[in-house]
């Protein structure tokens, strides 16, 4: 039995609030249980210099955590003057995940930057970020279409992400912080709405894991991504 | 007539939501119209090295703006690797304002850091930050008392802040962005709940201002701070 | 009685030495008692990128303190790799003060940078900087006119600045370090030669201050700025 | 048929040269075809501050690439003043991989840092780094034992890593640069000598991948890690 | 008698291995006894912005040391976020030395960057770098000629460098680390193949030195540079 | 004939003004013609961590140039966030030069930092810095003795420095900027008052130089250092 009463293959309560900000082309406050991430998509004409004149667009992401998001306050990376490895790693993961469902040609020479700022962290901040970022991206694309900045469909599908892990020998879906720190193996999986894999990142925390455990985790993640895809669609339909 | 229909001496709708976060000792989402600032107070035992063994506590603040908080996305200071002058200036202002109502001795060797992160900016982010930070600070002090970390009363009063400015020759209270950029003179005033001044920062944007204008602005600010003090007290009483 | 024998409304001995450097378009060594600031105005054709093609000029300032300027040596900001909040704050204050008396159109697409480097600090470094920077700026403008780089008059007036404070309940003008650290309230005021306010920055150091005290300080500052304006004019007439 | 004539499940020629440096506790020049990585393990008494007094050791890794390692010279991260996301990500991966086979208690309060510097890059630099780093680590552990700094066995197994990918629909082992840039899916797998997984990092480069493809890649990686483990053992036996 | 059995005016065993890398236009692994430096010359079309349109080429160098190159591991400059003074100093020395034998006009608007990365340090890393960098530069020039990027001869001569010092009152050539730390005076000399001086950098470590000692050191250095020039020519002839 | 009418072996007018600052233990404004450097020596009890408990003192130096010191304004290194190679190089040269005449044991565990800030640059800023820094150091030592912080004599001699160069084939002493940029060879020489060499740094700017030229430059520098030593002694005797 999990501390919060969930079944092993059950997501935490998921909330997706669109248009949380007034200015951004797309903005979503996404909550995976106690984890709250503000995902804001800013659209601008033009692309980075290395891409100019290609006719192709660009999508990128930046992830960060507010100092008081975690139990113990962490120092600001702006004050330290450098971005940590974990921040870099997650920013890159979110960017790659979104780009997996973007047709750069249909986007044209437009750039969309998605900022994922963790307001409160309780495990799964990177998977909540990917899942919310997709919704913000879809809203930004719709916004660009409404302003006439693009006419085609740059989105070739949707993406969602979830964490899975083995705790006390049992595979579980969508780990809160309390389970995350106890997990023997921890995996983050990003999948398209069509059920294919975009990213699979599994890490042995305590002991190495065998193929059977890996398979069980992948099954569980696939189940969670189906649920999240449905929640994304419902939110976008509202 | 102001664009949002307010009287010249009227505040925007102010919302103060306490306990917006689960972890921080005190946390407040404060809204001055479209301006939304998340103020989180983190309390920890001990003080910075230069203060150790003095028996005195410490209170400090950090201000920052999310990239998508403004109309046009701004680059992250963590990515740029340095904090800008404006951020430094406002962080220092908030810290000084809060320290004006702290009795270090009663606080004992505890440190409270207040993070003010602007989620959305529509003018007055520094005054909303000071006003919300005080409420978060009061909650953090109450939290420290509840855990037995302190017994006395480190708060010697309350502080609130408001912006005032002269637009088209007319003094106005609590400027939104649209008025702020048009203001000939712009002043931020921090006052105690008892009606004394903590900070007065007036800047001629277009033309220098005379003593009569300065006096009118100070009167208006005093009126606004009285209103804000009442709203703080109501929020803390809830 | 003040430690240096001055009346409460009396400036310290002020020295303004023009053309202290050979290369700069304008250069002034200004002394407010023991405070010595070297103000150098460098003029160059062209403006920052964001202003190109506007037909408007630009004026900005940078403030810094030599490591041995104060009683205890302070670390270099270049060695630390970052500029501190206080430095940022004062650089911005000086820039805003000078821009208050500049007609950008008459300046044309020229840029003037004023560097204020504190060689020795004994209180009032920012007000000495503003006061000296104006004289260096006037010399740089004259230099630009002499080279034919401009023909009109970009200066719409003069600016001077002074500190005031309340020490042991008594308002005093132009505080040396020894009074500055003891002040209950500390205010820096920048005024035009015509007697209007450009910046008013008052800070309660110990206790908050009331309107009567604020008024007394503003009166004292106005008196000091009149004296400084006269000294600037005398220096420029030499 | 692959450009270098290899079978799809065949490693490139692998060379492991131990004791390449005179000073380091362990040092290995490892070559995966044209990829050359110098892995140097430095051992020192004591542990980072946050671990002091725990009785536990620490193992960490740093990865970097020389500017001329790639086809087009890249700028030095030391000159840019910041470490890029890719460097951070790979350093963390190597560190985690090595820590998976370390018994901190048996290591005692000793620290081993493994530097993996890519002298020449032709694909698979991170997997060559992990594979070579393990050998350097084993030598460093032997060195510590020979000096009496430890008596037990801190190594609980071995680790090796290999890249796999799908090129033109065909799963292939150990991708050189030329295949890596063409891969639709790219996966890096770290396994213990006992055949369990330590890290699985799969990324869809072009199109998302399905479970069948994922399974084929995992099979191929497992085969490659068995071969690499044998080569590590042979090198350590010399 | 020297610890390694050499005569006082004898170089350590010198090895110059050309084409150590596959990608760089010129690459040399040079060894002065235990000191190993990888010198890689990267050639690219175009010149830095300040030189564009001049018809002149550019040659520059960067020096760095791997963390494990020395007896005790040193921190990476990329991790520290800044380049140290010693690194700056040596990079500048190598660049100046190479530019002394370059005809910028004959090079045309091409840039050659020589990276000197110390893989193992045992004294004389800067002199080994200069000596090896010249060979890599010559190979890069030959490469540019073979691709038709230039037709004339940009090399006006060759350069080599050696260290000399006074140990226990005796002048000695080419100091290993063990002698370097004991030297009373330490001098690095860069000379052309034609026997003229490019750089003379002498430093009193313990006691100041007189003109007689200086003359003896210069004689010794001249002898060493003649030997190194011959070794460079032999390597380039292979 | 030189542009300023000097003989080839003649120094520019040298001015050494002691006690230019009120706070520093020693402070000197030194002028070599148009070059003005403010040298301030700050003394403090204690030594850097790596030297604690050794009973030995420490002397170090920092060199910097004000932005407007040169003909064209240069950017501040604090604003750029990093120190340039030239600054590093000169700071290190000054420090080494001063340490050549310090008896660390007699200094005891005291630290003296000498800041050399170039207020105006007209060639020879590093040699003026060394020459002025010695005088500031001597004053700081006297100050430490007067406060009882030391009793012995930590100064084992004096140091002075001068630039020499070959212009149009003629060796000249103490080059102003205008000669410096035209010099074929440029040498900076630091000597003790007793006539021994501390640093010899010669650089071929245009063409390599032969032994005869080197000898002529060394003779000229020795002559200049004798003159400067006399001027230092006269200044210290005042």
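First chain written, first letter: the chains are A, B, C, D, E and F, and each begins at residue 1.
Convention: contacts are C-beta pairs under 8 Å (C-beta built on N, C-alpha and C of every residue); 3 or more make two chains touch, one makes a residue touch a chain.
Chains and their UniProt names: A, B, C, D, E, F = Ribonuclease PH.
The model shown is predicted, which means the values in this text are computed figures rather than measured ones.
Using the contact threshold fixed earlier, the set of chains in contact with both subunit B (Ribonuclease PH) and subunit C (Ribonuclease PH) is empty.
Where subunit A (Ribonuclease PH) touches subunit D (Ribonuclease PH), over half of the residue numbers in use are shared by the two copies, so each contributes mostly the same positions.
With chains reduced to the mean position of their C-alpha atoms, the one farthest from subunit C (Ribonuclease PH) is D.
For the copy pair subunit B (Ribonuclease PH) and subunit F (Ribonuclease PH), the superposing rotation over Cα atoms measures out at 120 degrees to the nearest 5. With chains reduced to the mean position of their C-alpha atoms, the one farthest from subunit A (Ribonuclease PH) is F.
Here the spacing of subunit B (Ribonuclease PH) and subunit D (Ribonuclease PH), counted between their Cα centres, is 50 Å. Computed from the mean C-alpha positions, the centre of subunit B (Ribonuclease PH) lies at a distance of 58 Å from the centre of subunit E (Ribonuclease PH).
Separating the CA-averaged centres of subunit A (Ribonuclease PH) and subunit B (Ribonuclease PH) is a span of 32 Å.
In subunit B (Ribonuclease PH), the positions touching at least two other chains are 81-83. Taking subunit D (Ribonuclease PH) first and subunit E (Ribonuclease PH) second, the full cyclic order of the chains is D, E, F, C, B, A. Residues 82-86, 88-89, 91-92, 96, 100, 157, 187, 191-192, 194-204, 207-211, 214, 218, 222 of subunit E (Ribonuclease PH) are the ones that touch subunit F (Ribonuclease PH) when the two sit in their complex. Within the complex formed with subunit F (Ribonuclease PH), the residues of subunit C (Ribonuclease PH) that make contact are 21-24, 27, 34, 38, 40-42, 44, 62, 64, 66-73, 76-79, 81-83, 87, 113, 115, 117, 119-120, 122.
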